[in-house]
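Two complexes are shown next, each including chain A; its partner changes from chain B in the first to chain C in the second.
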Partner chain A sequence: MSASLLSVSTALSSILLHGVGSILPAPLQGWLTNGNAIDALGILIFGVILLAASMLNTILLIWWERKLLGRFMDRRGAMHVGYAGLLQNFADGFKLFRKDTVRPRDADSMGFFVGPTAYLVTSLVIFAILPISTGWNSGNLPLSLLLAITIFSFAPLFIFISAWSSNNKYSLIGGMRSAAQMIAYEVPILLAIVAVVIVSGTFSLDTIVTEQQNYWYWGPLFLAMVVFVAGMLAEMERIPFDLPEAEAELVEGWNTEYGGMMFAYFMLTDYVRVLLGCFLIVLLFLGGWTMPSWVPSAWTSFPLAGIFWFMLKAYAVFTVFVWIRASLPRVRTDQLLRVGWNRMIPLSLVSIVLAAGLVLAKCVPVFGCLPNLGG
Partner chain B sequence: MAGAQVEEKAKPSRSILWVARPMLTAARQFGRSLLRPSTIVYPFERLEDPQFRDRVGVGSGMPIGVGHIWDNYRGVHALNIATCISCNLCAFSCPDLCIDMVTVPGGDPKHAKKSPQIDYGKCSYCGFCSDACPEGCLTMTTRYELSVTKRAEMIFSPQKLQEVFDRKLPMNPVRVERPANEDAILLEPPLCIGCNACARDCPTNCITMLDIPKVEAKPGEKVAKRIWKEPVINDSDCVRCGTCISVCPKECLFWGTRT
Partner chain C sequence: MSEMWINMGPQHPMTHGLWNLRVKIDGEQVLDVDPEMGYLHRGIEKISEDRHYNEVITLMDRCCYVAGMSWEHLYVLAAEQALHVEPPERAEYIRVMSDEFQRIGSHVMWYAAFVQDIGLMTPFLYGMRDRDLVLDLFQSYTGARMTYEYMRVGGVRNDLPPGFIGEARKVCDWLIDRFVEYDQLCLNSDIFHKRCDGLGVMNAQACIDHGITGPMLRSAGVRRDLRKDRPYSAYDRLEFDVAHAEAGDVTARYLVRMEEMRQSVRIIRQSLDWLEHHPGPVLAQELPRWLGAPYAPVGREGYLLKRNYPKGLGFSAIEEPHGEALAYVVNEGSEHPYRVKFRSPVFANVSAARQYLVGYRVADIPPIMGSVDVCVGEVDR
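Entry: the complex of A and B
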């Protein structure tokens, strides 16, 4: 699997442009088949493929959550549209798509429409950075982890923009709660990532995954993983940290004023971010697309095996999220912030110390030794 | 000293258990409902379908209506027009006034046969009518699907109720026992003029006009003009519908305890 998705789509665009150019007159043909045009179309195709794949996965994720939650609540979840309700979310999406987009009279038009759009776009962009197989997506970026986390942390800004421009006090309060929560939990997340970076010695997600060839990081860096998963739950605003939305108590929190397709943007983006969080957890702690050496090589060498195992792991992580959602009650705001600042940050600092100890010791009794790649 | 006996607050368990315990409970529930959740996919699975009940093991092997939750289910009525005696008791007993007695074909030409027509827009499914029915021809079935598009379709004519009966749905077998010391219809003989109206209108034909000895007129005394017949009521056949009382022109029939 040396070809990345970007190179595949560039090749596709080259074939397309040469095919179209061959039936056109000479100056147009030359203009179409030069390198810049091929690159531009290749990036476009890359984006379209990524968008379609991530959207499909997001919708499948929502279906999976509905089915799982149903079983946790002793019912079935969506059943009627498509096989076992597979098409139910498409039906819901079409329903929202057909609805009128209503803007409150006093809302700020710019922020009201730009907020959700930017929220969705900045969340989708990260899919172009995360590798889901060897050299997949845009190749080996040296600082991909840093870039992904940076874009991931734009969200509170856009949530706050859309909440504020709704010109509704409930939206504004919801947006403030959301921003406070996200900022409080971004610090422990970053510190937990620091632990991973110390052990792997790199910011490149590709290299982090290859560093986990002897053992996945969830074992030695268990504390960091716990902090990271809890922080991700808060970042994704899922139960037990879903205070900004609190569907049982509030009227949708900061997206009170949004209806129709704008509301669908928010709901979709929430799940896009959940998918991103699952991807990050798999990449950082669960070995990415690699499998342990005791797995038969036939299971890991079929075409697209990396993507298969990666998605399997991501969905397994999401299953744990749904399990948590089905089990735990919602925390209060003060509990949330106290846990965030008073517990999570010290724990993540401890995990950094543990990671430094791991680097010094080189070898861990049960798991084995660190490879000498990045460090 | 009330203040001294403040209950000690229950010590909170370790915080790790706050997470672990509910998650274990949820996992147990998940495992239990993994094979088959408690819900029924209603339009495709029905509890009244015996095959379905056999499959999921809910009251399997038992027909509905015998020792089962459906025992006293009160759904749409079924009417057997053939055995209806037009006694009007169902309409009398209805608390919602949703039963009208309407003419149905059959019956002798002089007296049109009337059977209940039920407006399900008003019906509260209390079951008083089927309790009151002396012949057991108006019963409640287990049919519960009654969605229509027009209000007029909510009114079920006797023929439509007969169709429900013809579907041979399981019926509510619970019947109300008649009390032993039930009031009977009594006659105050001096008022009776022997007009035969009660015997003519009795739905069960339990009233017979019998000859009574003629009163001898003394010379110079006027005797009431009578046909010298009196109604005699067969108590075992009487269903206590009260039709005779309402048709009596002289109000000589009344409710009372037979001594």
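Entry: the complex of A and C
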């Protein structure tokens, strides 16, 4: 359980390089089997495994949403490709992959192609920072939370670049809405995170989870969690905050002009960001991979138990998001921004004050003064 | 951002059909709108002049693809007046029942499309699911789900099949329960009220000035319903209330349509009770000889038949799901109508778009236009 993904991939790289080196002449063997080469290949293997795992999870997430939405809507969702439609998303992906990537004549070539690609890449990079279980990645990064949120907030820039370079009025309006929305909701998200940081005393996601070993933060920091989840809904552009791609008035908003693989990039990235949002919520408020002490130890000590519980929590959070999507209409831009600036920011400030109060009252990290909710 | 014109249509998710709404915007603000119609013009009025009286009914189904039955009814009422034909009473009740089922079908379809415009995906599928029951009923006695070709000048084509009344009652009970569900999904949601309250307001005077009819007019507080004010078919023998609201905004139109569906169920139940106990013919016995036949008698016989048949003018006005539809049929003594003219309620409702769209935001256009319930088939004909 404690073997980190990086150490596993480094070991794998070491076996590979030693194997290859043994059939090569000595100088090459020495060059291949020194520490630097093994580390470099190890990081590469780490990245490939992470990429494959996150992509598979994203696709599974889309499948789960389709099935769940289907049930909410009194239908069955994807059924025909694979068992219970499990391979439907692969079929859709291959369809998009086979299609031509058409660029409008007056679109800016650079921005049109770089925008979606950068949007996808910057979102995927965050998976390397988020820990899934103990010592998952390279170790305890001291500022991993800050780094993850920073990369997470690159998105409006790339969305706006792709919208603007499409040279389409719908795209431009959608891109502006998107940028305004994301920037407006960055602030409450960051302030909600400050509450977590005050209580845990660290920016390191590993340490934040370890602090929650005995006590999940959703109880004492309930207000911060509400603000964070609502802000994340806006950041992920899901109903009720999906107006940048409001299909009724803007014809899919900022990705109107995209087709084929470029469109697939956008759709995929949307779900990658949803997955990231769920991960962050689990890490910050739902105790990450830890489980309460009343859970039988047999349930938490099997191999990869940490990853299992982490993913279970993440999918549970996502289920709530799908539930919200199935039951709420979409708000309007000005209403969204008003909620963001006039309600969310004051609420997040209140949550900071509450968190500071908790620390001053010496409730943290002992929480002796509060009933035990999660740990 | 500077002012610019954008086209919402002819291929646009907002339009629900083939028409174009040109919108002048400044940022998110709507400064001017210009609805353009005519993309779906098929010349139905002109084609009708070349068809036998009963063949025009086929075209009426194509007038409005969600309310074919109402348009058939509109035409046969005018044609009967022009040809001096009196339909039997049972046919009148069947027509009323079909009209009201069609109203429910059309309004449920409207509900599905409207909630989808404001981003609610789930009720869209609920609406389509429940509309299917109505279509199943239509299929059971007309054989078709969209283009029924059921009504005839002088009655209806065939009687109801055995067991139909029980099935129809079941559907009514089911629908009444679902209307509660619809309201819960929309009216209990704060976001729904944020999106719909106070939008696209038309007061009573503005509605009357622009010839707006139907649910839009009633939502502004005017209790005008042709089924009450100028009863046709069997409506004077049935009990129902005129749904109305005061606010004249999108929510008011929603409320009016929901209440209309409940009243429709009420009317259907009464007509089913009547139909159950009053068997009889459904097609008039004394029809002009050339009307029922696929081809008119030719030669001297046909000539005399037609020459001796009295000429006439027919006018009818019915409360269609979208508003007041009028028809005018001129019988000059031949097997074809000399002239057929229709008045589409949606055309007037959409033409006033400048009145209820300017000053709102781009994001308000889908809910407002959705609340108008546009059916392009009847606008362009």
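General observations
The definition used in the following text is that the second predicted complex is superposed on the first by the 359 of 375 C-alpha atoms of A that agree within 3 Å, B and C clash if a C-alpha of one lies under 4 Å from a C-alpha of the other, contacts with A are read in each partner's own complex, and residues count from 1 in each chain.
By our rule, a contact is a pair of C-beta atoms (placed from the backbone, for glycine too) under 8 Å apart; a residue touches a chain by one contact, two chains touch by 3 or more.
Because the structure is predicted, anything quoted here is derived from the model rather than measured.
In the superposition on chain A, A:71 makes contact with chain B only, while chain C stays out of contact range.
Look at A:323: by the touch rule set out above, it reaches chain B but stays clear of chain C.
In the superposition on chain A, no contact is made by A:22 with either chain B or chain C. Residue contacts after overlaying the shared chain place A:332 against chain C, while chain B stays out of touching range.
When the two complexes are overlaid on their common chain A, residue A:79 makes contact with chain B while staying clear of chain C.
Counting residues of chain A touched by each partner, chain B versus chain C, the larger count belongs to C.
In the superposed pair of complexes, A:242 makes contact with chain C only, with no contact to chain B. With the contact threshold set out at the top, residues 72-75, 326-329 of chain A are in contact with chain B in one structure and with chain C in the other. On the side of chain A, the complex with chain B involves touching residues 68, 70-76, 79, 323-324, 326-329.
Contacts from chain B toward chain A in the complex involve residues 19, 22-23, 25-27, 29-30, 32-34, 37-39, 41.
Residues 69, 72-75, 169-170, 173, 176, 239-240, 242-243, 246-251, 325-335 of chain A touch chain C in their complex. The touching residues of chain C, counted against chain A in their complex, run 1, 4, 6, 8, 12-14, 28, 115-122, 124-126, 129, 185, 189, 191-192, 194-195, 361-366.
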